[in-house]
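Down below are the structures I want you to see.
In the two complexes that follow, chain A is the common piece, with chain B as its partner first and chain C second.
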Partner chain A sequence: MGQFVTEIKSGGGIAVDDTIQVKGYETKAGSRILEGFRPLFSAEAVERLERAGYDIAGKSAVGEFGLDLLGEFAYGAETCDTLRGAAAELVAAGTVKGALCVDLNGTPRRAAALSGVDFLKPTYGTVSRYGVIPCACSGEQIGVAAKTAGGVRELLRVVAGHDPKDGTSLPAETYDYHDGKAAPGMRVGIVKELYGAASDEQKARVTACAERLRGMGVAVDEIALPLADAARTAWNLCLCAETCNNVSRYDGVKFGYRSPDYRNIDELYVNSRTEGLNFLTKFVILYGSDVLSKGRYFTCYDKALKVRRLVAEQVKALFKDYDALLCPACSETEYRPYDIKDAFMTVFAESLFTAVPNLTGIPAMVSGGVQFMADALRDSDLLNLAEALEGGNAS
Partner chain B sequence: MKYEAVIGLETHVELATKSKIFCACGGHSTKGEPNTRVCPACAGMPGMLPVTNKRVVELAMRAGILLNCDISRYTTFDKKSYYYPDLPCSYQITQWFHPICRNGSVEVTTKDGTRTIGIKQIHMEEDAGKLVHDDWTETTLVDFNRTSVPLIEIVSKPDFRTADEVMAYLEKLKTMFRFANISECEEGAMRCDVNISIRPEGSEELGVRTEIKNMSSLSSIRRAIQYETARHLDAVERGTETLVQETRRWDDVKGRTFSMRNKETAADYRYFPDPNLMPILIGDDWLQRVRDTMPASVEEKTAEYQSKGLSEKEIASLTSERALCDLFDAVTALGRDPKDTASWILTECGGILRKHGQVMSELQITPERLSRIMEKVSGNEINRAAGRKVLEAVLYEDADPDAYCEAHNLGAQGDADAVRQVVLKVLDATPNAVKDYLGGKKKAFQALFGGCMKELKGNGDPQVIRALLEEELSKR
Partner chain C sequence: MMTPEGLTALEQLNELRLTDAERAQTLSIFGDMEAREAALQEIPTDGVEVMVHVMPLTNVLRDDVQKQPFTRESLLEGAPEHTDDSWQVPRLVK
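And now, the complex of A and B:
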């Protein structure tokens, strides 16, 4: 586990992903390009935790800018046998009480499913993104990991609420995560496209969960989300475009890593970025630049925005009949190290299961190794579902 | 063949707001030591998020209303990517897809008549920082004070034909924007990119267009237009060179333009909507509120002052500066006579400023103090010359009018007895002049009058002195 952690100063507190700024801690977002960067301020969510009396235990490692599958390509990370994700593993081991993680392309949800902890990516705009090292601002969201749904609820209540420093922050000052529907009587739809794409073990998890839900009076059907695949493409496209733009600020001039080898400003930029960014980030930058370029904007980026709207409509329609959607959080139950040259396509493949909430802003929760999604601002329904399942499994 | 120039303008104007466009620091003033008007947000630190300054949107709406534009009800901010050391995020937040104002027009008058210039759009954007080159150490330093200072860019249609029209347009924008408190339009706060092509007169086709970037002085703009027009004419008529669509830079010292980049090397700015800034919806209520709170225009003020009996010249001078109008309005609101107020502001204040090598726009006086001085003079408490003295002390020593008069023993001349004593003293001291006057030499009166004034150190009220002199002389 040690290789996943950048700095853990105390046990029992809250771990904060390295893509979230904490004053006084080096915050490098898993990248050499931010080596030595100590932010001038803490993220709003971190401030709120500290104001409420929680200890920040330290920083949990992430892959460069959180772009990889499970943190496997963090700068300086040692290789390991299985990939799990640092924050989820710290929570699972009980080293920390909970963790704040940025859900950019499903990483914390996958990690939670693999480590058997709970993670909720709340509705976009409910938790301030102030202080998040930015990549894909239109869909990345700070979420909370904890051992139980009750633990997630406790921390989420602290960090959620309007923040004038974030222009996309929703107006509600606070959120009461106790106001959800009771699980019995809910209608849950298994997303057939996502279920069908997973391994047998993952399928079995979903089926078992569905059985237990039925047992507690939840109606479970199979439903179709035909745009699931298009949603994945659209989200990855938006993510690359926005990330390409956001990481362009790391030029080796003002902070972070600067190549020692340059003769003029262009070389300073090029060499610092060449040496400071990993292959996956470079791939994302190139892909993002391409989809935003003059000839391609309307055939790529603009089209992704249209798909985004269509997916939101399709999802909205489903939530007329269903309280929650059920699906796997990833295709496998175990992941092994692999070559970074395959990273983009590996993440792309897995993001099939996670892209819809990032693309449309709806909340998604992983609990008991499976994933639930609900309509915007119905986060409490997800917590209730997870809590009911955990209660039924009380150990 | 006769050719005409086809000129379009992109004019950047710095807005007069208290803070920057997407953060709470700064303000429109870029003054101050380098990198002292900067915060983590405008320095592009990761994790900071932009939040739109509402005042910027309102000033942009105001500009749109003045230039007869349609105000967009849905307007967005977009990101424009390019690397340059003065741009901390390596992107600039601007408006590309849905600018706030479109389809406006403005009339410009030159010696050749009045023409209407179309306005394609007005959009809001953030300014970049400034690079300071140090030739001695061969380094370049970055000053972020100007980063994220709010700008509006006014994009005209290619409707200009002469440099004179361009000058008239820029002067008009300057007056309008200053007057409406949109921008102070001081040196450097208004910068232009000029697009030029030429074509045979009467032709509808456009020639090869070049763009001259980033000029801030009117004289540079005029010279650049003249140079560039001549260069195009030479190329077309005499084949001196082949024109290409390109961006050029004006060198004010060499007096010519230089190529910066052409179409092939042009940057692809990869515009896309900024997801951190929600689209702005402008409803009827908000638009109406902005219309209702528009400061009166030059035309409206002119009509108002005409009705108050001010002369054309006075009106022109007052309406050259919003601050002068505000001062005039405040002083008259305190009950002072309009004609008298205009005269005090323009003649007296103006005269004193000139004496100190300053101009009208630098005038700083509270309406209460000016009104008090005027009151003292019109109430014969002090004479006009003394009033001028008090005014100078108020302007340059921050004196209080009443305290100053008391401290300098001004106002005593209002006391006729004291003046009478002086008159008698002068008459006694210059018997020859008295004799001359009584003997019919009326000119001698001036000498006696001057003597009294001298005794009173210039503080006497001429009318009172004259009356008392006549009275006392008649007794002799």
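And now, the complex of A and C:
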């Protein structure tokens, strides 16, 4: 078992990422700045699981605020040789039945692809974000990891549905997730810009998946998404700008870590944040602050929001002809620890494969080591595709 | 282009302090990202509306409803330090 588990009290239940509040558990979002913070309430998704009779097994560690590649910079985590993500490892090992994970910049999708489990980042707004430690609210989303598509579907049906406590929650009270198209007869497009950027091993996974899909009556073509690279830049600009604002609340006064070394309130703020946040988060804050500043706002942040619309329109147009897009979830099949000074650009590079769903709110599912994307609210189609590939019922 | 002076101003604005090595690395990453931003500028967006929210939702306001979501005791549990009935905060004025 990997090094990233923070606190698993019982096996067989549901692990919850450390960026999601669970009453009674320390919830530090992988950061020293929230060390010792025990929330007064659980996230809505957690409460729904508990009301449905599921046990919360414990917290699965994440990198600070979920900003890193695979949880490698979780505060207090031991080092390991291979990075695979805590929640995905717990699911793969059978220690837990499933996991709730926040998809901020693709981390749970990468982890699922590397650990051989399924993960669905549902359509934005279908699962309440109430109780999530926020970073980039406009695109982060709680998703579900499980060993099979059937397991994802089971848990997703419990946690999805309107929550009046979340202002971005969509109005549907429940979602069926059994109402998708049958896999045979679907049209799937391989995104050439993402396929071409992956390693030979990842390309082989996608190619093998495409062959299996063709064998079950799915039409598979290569398609172009010319704005894929722009989507990555736009999402990372939005992420940094929003995170900069959201983590400004951590100042050593109200909760979490407080530096013991200060002579006045300015030193209290500066020392607590300097000692409590890691270099990756500091860079995200500084860059996010810069792109929101006078003189940079219109050329950076405003531009990113306009590109976001263009990407959404380009993706929407593809879904007129295709039911799903197929691509790798990450460039490699194995990741090793690296220095935090390289973290931002490492994550930026890998977010090429994951940024479009975060930027546009569409669902994305990793199964069998590859990633599928579908139009908004077509999550069921992704579950059907994954289930068909797993040899289960295709509709 | 981000300058050392500009970075110092950003540190102060965000209540952070970098080491010299972190400053050098930060300036380097800013340089990398500025190249990415330049590529974004090449995309024509005249007349394109910004997209802040990805789903078509509008705010709907309801009447205020008074509720007691937390008890005083539960709120005190979340305090770093507290007395019997109040939060304690560091003394900041002599």
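The rule we apply is simple: the second predicted complex is superposed on the first by the 390 of 395 C-alpha atoms of A that agree within 3 Å, B and C clash if a C-alpha of one lies under 4 Å from a C-alpha of the other, contacts with A are read in each partner's own complex, and residues count from 1 in each chain.
Basically, a contact is a pair of C-beta atoms (placed from the backbone, for glycine too) under 8 Å apart; a residue touches a chain by one contact, two chains touch by 3 or more.
Predicted, not measured: the structure shown is a model, and the values here were computed from it.
When the shared chain is aligned, chain C comes close enough to touch A:Gly361, but chain B does not.
Of the two partner chains, chain C is the only one that A:Lys306 touches; chain B does not reach it.
With both structures placed on the common chain, the touch criterion links A:Phe283 to chain C but leaves chain B unconnected.
Once chain A of one complex is fitted onto chain A of the other, the partner contacts of A:Gln141 are absent, as it touches neither chain B nor chain C. Using the contact criterion defined above for the overlaid structures, shared-chain residue A:Ser248 touches chain B and also reaches chain C. Contacts of A:Gln371 after superposition: neither chain B nor chain C is touched.
Looking at the shared chain after the overlay, A:Tyr297 reaches chain B, while chain C stays out of its contact range. Counting residues of chain A touched by each partner, chain B versus chain C, the larger count belongs to C.
Judged by the touch definition given at the top, the superposed model places A:Leu170 against chain C, while chain B stays out of reach.
By the touch criterion defined above, A:Met345 reaches chain C but does not reach chain B. Taken together, the two complexes place residues 39-41, 138, 167-168, 244, 248, 251, 253, 255, 265, 269, 289, 305 of chain A in contact with chain B and also with chain C. Interface of chain A with chain C (complex): residues 36-41, 123-125, 138-139, 167-168, 170, 227, 229-230, 233-234, 236-237, 244, 248, 251, 253, 255, 258, 262, 264-266, 268-271, 273-274, 277, 279, 282-283, 285-287, 289-290, 299-300, 302-310, 312, 341, 344-345, 348, 359-361, 376.
Every residue of chain B that touches chain A in the complex is listed here, in rising order: 40, 43-52, 79, 81, 83, 85, 88-91, 140, 142, 268, 270-273, 275-278. Interface of chain A with chain B (complex): residues 21, 29, 34, 39-41, 43, 129-134, 136-138, 164-168, 241-242, 244-246, 248-249, 251, 253-255, 265, 269, 289, 292-294, 297, 301, 305.
Against chain A, in their complex, chain C makes its touches with residues 2, 6-7, 10-11, 13-18, 21-22, 25-26, 29-30, 32-33, 36-37, 39-41, 43, 45, 48-55, 57, 59, 69-70, 74-75, 77-78, 80, 89-90, 92.
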